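Scrolling down, you'll hit the structures one after another.
Shared between the two complexes below is chain A, which pairs with chain B and chain C, respectively.
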Partner chain A sequence: MSVLLLRLAGPLQSWGTSSRFTRRNTDRAPSKSGVIGLLAAAEGRARNESIDDLTMLRIGVRIDQPGQVERDFQTARPVDGSAPLPLSYRFYLADAVFLVAVEGAHDLLERLASALRTPVFPLYLGRRSCPPAGPVLLGMREGTAGELLRETPWQASGWFRRRHSDATVSLETVTDCPPGTPGSVLVRDEPVSFDPRHRQYEWRSVLRAPVTVGNPDHRVHDPMELLGGDG
Partner chain B sequence: MSRTIVDIHIIQTVPPSNINRDDTGSPKTAVYGGTRRARVSSQAWKRSTRDAFDSMLDTSELGVRTRRVVELLADEITRQDSGLKDQAGKLAKATLEAAGIKLKAARKKDEAPDESGYLLFLSHAQVAGLAELAVSAAAAGGTVTIDKKEAKARADQKQSVDIALFGRMVADDTELNVDAAVQVAHALSVHEASNEYDYYTAVDDHKRADSEEDAGAGMIGTVEFNSATLYRYATVNVDRLRDTLGSDDAARRAVEAFARAFVTSMPSGKQNTFANRTLPDAVLVVVRDTQPISFVGAFEEALRGREQDSRIAASARRLADYGKEVQDTYDQRPVAAWCVGVGDRAAALTELGERTTFDVATKAVGALVAERMAGRA
Partner chain C sequence: MFLSRFEFNAVRRGARELLASPQRLHAAVLAAFPADQSRANDQGRVLWRLDQQPHQTLLYLVSPHPPDLTHLVEAAGRPATQSWESRDYAPMLERLTTGQHWAFRLTANPVTTRRKDGTATRSQRFGHVTVAQQTEWLLSRAGKHGFGVVEGRSKEPDVAVRGRRTLRFDRRGRTVTLATALFEGTLEVTDPSLLRQALTHGIGPAKSYGCGLLTLARAS
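== the complex of A and B ==
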């Protein structure tokens, strides 16, 4: 199996799997529907085109920098002065960084990687007003999603890493798993169709588990170093 | 396939102001790079951009976003054939329903014509086309029937420049949806920003003139505000715009109008209180054929210490260094780039693009975009 590695980072992201009407929520990690949508957008697929090949992909997400939830309040006012529209609340995940592993057949991933380098539609992190900071594609590797989520170096920003002095850091992962796997949870996040006429999501079975990765900013604390001298 | 993307990066200082506030009246903020920043939402800046189009484009190229669609169409029907004045409302309703747009009774007002249940974005050309259809159906005499297919086609062709740029959503009939060609990011300050409170007192003139009265204020209150140097970013997908508008020339005008309007407009929130209208200190316009790239990462670490003494110069330096790094690391060479700056403070950006004036830059982008579209055809 091959794996496509993505780094999803930006000031704001929003990954809702349960938004209705004027309250648009976000989850704490990218949704499968959001990631599949991003790949489909990169390829320039229209919303009513099939995504059957993409839903076969196995997706794993690692929360490298959890960020924080911010609430945004929005009003809409018609130009003609008629009655204003209902107030709406949007929730964003600010300051977060995720590593996403997309596991699947080599050829398909190769095609997606090239689409991510020159995406047909501009990519965004869950909502159009959230462009990614820097390119999304990290690279393509051989292995499984689980392996790469364990092996890939920590993707958090420098300022965030420097707050951790330990040699390793424990990060939460959310990965597709067969239904019924002990400890798994079901989320309504398996996209079937993005066609706006009958948008459809099925249940997705995911397993949450921590992985431990090294901290490249780890420094052994040596108080004598500051004193200089011959040591 | 050759593609054309226009990225616009802006550094802009806004003095004490409250151009975009939340439901408690506080200026909007967000955390980035671990520090609290001033934020102006993308929706707010898109609205002011669209408002600025009025002075840049002919009305026939623009659209109107309203619920009062029946009234709008009825007026156009009457304008085209004054003899239909009495039945214009009924005709308008039938035409819109034939096009797949659901209508319901106006809220609050009893006598008012029906409205759509949400804001409907129609181009002036679409309104004229639908009115023509209604007028010819009425002229045929007998029971007026509006052809559904034709009505839908007329609601979907001749998109206006603003619909093509910002998109349109029609909940009742998704075939009438238009995907936006523009993506606007939330503006964020390049430094840590905290909201401040302005305490004010208001004098009661009449009371002050009365010698019997005490000298106290008639009213007291606070206004929340902040001041910030913002990084703003937007990108235009020219190919998408061309597809929606159906004409190279219209797409070129739309790109130029968007660039001018996005760069020079400002959300109107508390404008009369703060008179905060500024123009950007530095603008970088990049034409690409690969992917849009935001340089917001340049400001993930907030400006601090000595950089704060010359925020604009330091921001331009950060933007130039980061932009070059990203372009080198990922081999993302732009097709062309221009920069515009006030004075020497934005000089660092000349490392990313040719320095010129804003008018020249906008025209050059338009010319390049037109050339690329012609080459693709």
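== the complex of A and C ==
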């Protein structure tokens, strides 16, 4: 199996899976529908085109830098000043960084990788107002999503890494799993169609587990070590 | 030359009294040597630095003669179980060659010397207080001390100001104010003899008050 590694980082991200109407929540990690949507946008697929090949991909997310939830209170009005639209709340994740592993067939992933390098539609992190900071594509690797989430170096920003004084850090992962796996939970996040007239989502089974990765910014300054032996 | 390390037991009253004042700590460090050994000679001088971490306070000491820190252990250490470590610095100093990379740590007192205004008759020292000024101070002096700061991942000099403090303490009835900065990063040796001089004679002012001691460790 091959894996496409993505780094999702930006000032704001928003990954809703369940909310409708005036209160639009965000999850604490990218949703499968959001990531599939990002890949479909890179390829330039229209909303009503089929995404069946993309939903077959297995997706795992690692929360490298959890970020903070921000609330945006909107008081929109029509241009003609008539009756105001309903007040609404939109929630965002500020300053978060995620590692996303997309597992699937080599040929399909290679096509997606080149689409991510030269995307047809602009890429965004869950909502149109949330552009990514820096390139989204980290690279393509061989292995499974689980392995790569364990092995890939920590992607958090420098200022965040330096705050951690320990040599290792424990990060939470959310990975696709077969339904019924012990400890798994169901979320309504399996996109079936993005057609604006008939959006459809199915249930998706995910497993949450922590992984431990090294902290590249960990430094112990020990000048005595170089002098060896006891003096 | 000798490099020594002593761990304070920060809950003891003696330790708190010493850690509260660089002036008292300076006196305690000098008390580790007989009068004729505490002066600087052509090999080097007495330099010290406090490395304060959340759960550990270490005193590093570089000196031409081996120190006797018994008084510190008794007043501010763990006399029943721990003393201090002291090692010969010469092998390390001789190992320095051009092109080596080392992780470094330095607490310094970055200052600029100038006249206060047009009417001032003498110049005086003014502390650098921003990170940018303090970093610039170190980078502009690195070459003179026989090293260059290597470039990090994002093509910027690999040096960070990890801690800034303004020390105020009494010295013979007058208040001394020092702006200190703790620098950490990676250096490349450009002139071993100049770097040896910097390691044993210190960098910048306020060397009696815990500033100017540069230490090297394995680069990560």
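General observations
Definition applied: the second predicted complex is superposed on the first by the 220 of 231 C-alpha atoms of A that agree within 3 Å, B and C clash if a C-alpha of one lies under 4 Å from a C-alpha of the other, contacts with A are read in each partner's own complex, and residues count from 1 in each chain.
One rule holds in what follows: contacts are C-beta pairs under 8 Å (C-beta built on N, C-alpha and C of every residue); 3 or more make two chains touch, one makes a residue touch a chain.
Since this is a predicted model, take the numbers as computed values, not measurements.
In the superposition on chain A, A:15 makes contact with neither chain B nor chain C. Look at A:134: by the touch rule set out above, it reaches chain B but stays clear of chain C.
With both structures placed on the common chain, the touch criterion links A:154 to neither chain B nor chain C. Of the two partner chains placed around the shared chain by superposition, chain C is the only one that A:227 touches, whereas chain B remains out of contact. Contacts of A:219 after superposition: chain C is touched, whereas chain B is not reached. Shared-chain residue A:98: touches no atom of chain B or chain C. In the overlay built on the shared chain, the residue A:194 is in contact with neither chain B nor chain C. Residues 162, 165, 218-231 of chain A are the ones touching chain C in the complex. Against chain A, the residues of chain C that register as touching in their complex are 2-3, 5, 51, 54, 60, 85-89, 91-92, 103, 105, 160, 184, 215-218, 220. Contact residues on chain B toward chain A in their complex (touch as defined above): 3, 5, 22-23, 28, 30-34, 37, 41-43, 64-68, 107-108, 115, 118-119, 174, 177, 179-180, 183-186, 188, 233, 235, 237, 240, 289-294, 296-297, 300-301, 326, 330, 332. Residues of chain A that touch chain B in their complex: 9-12, 67-68, 70-74, 76, 78-80, 82-83, 85, 87, 92, 94-95, 117-124, 128-135, 157-160, 163, 195-197.
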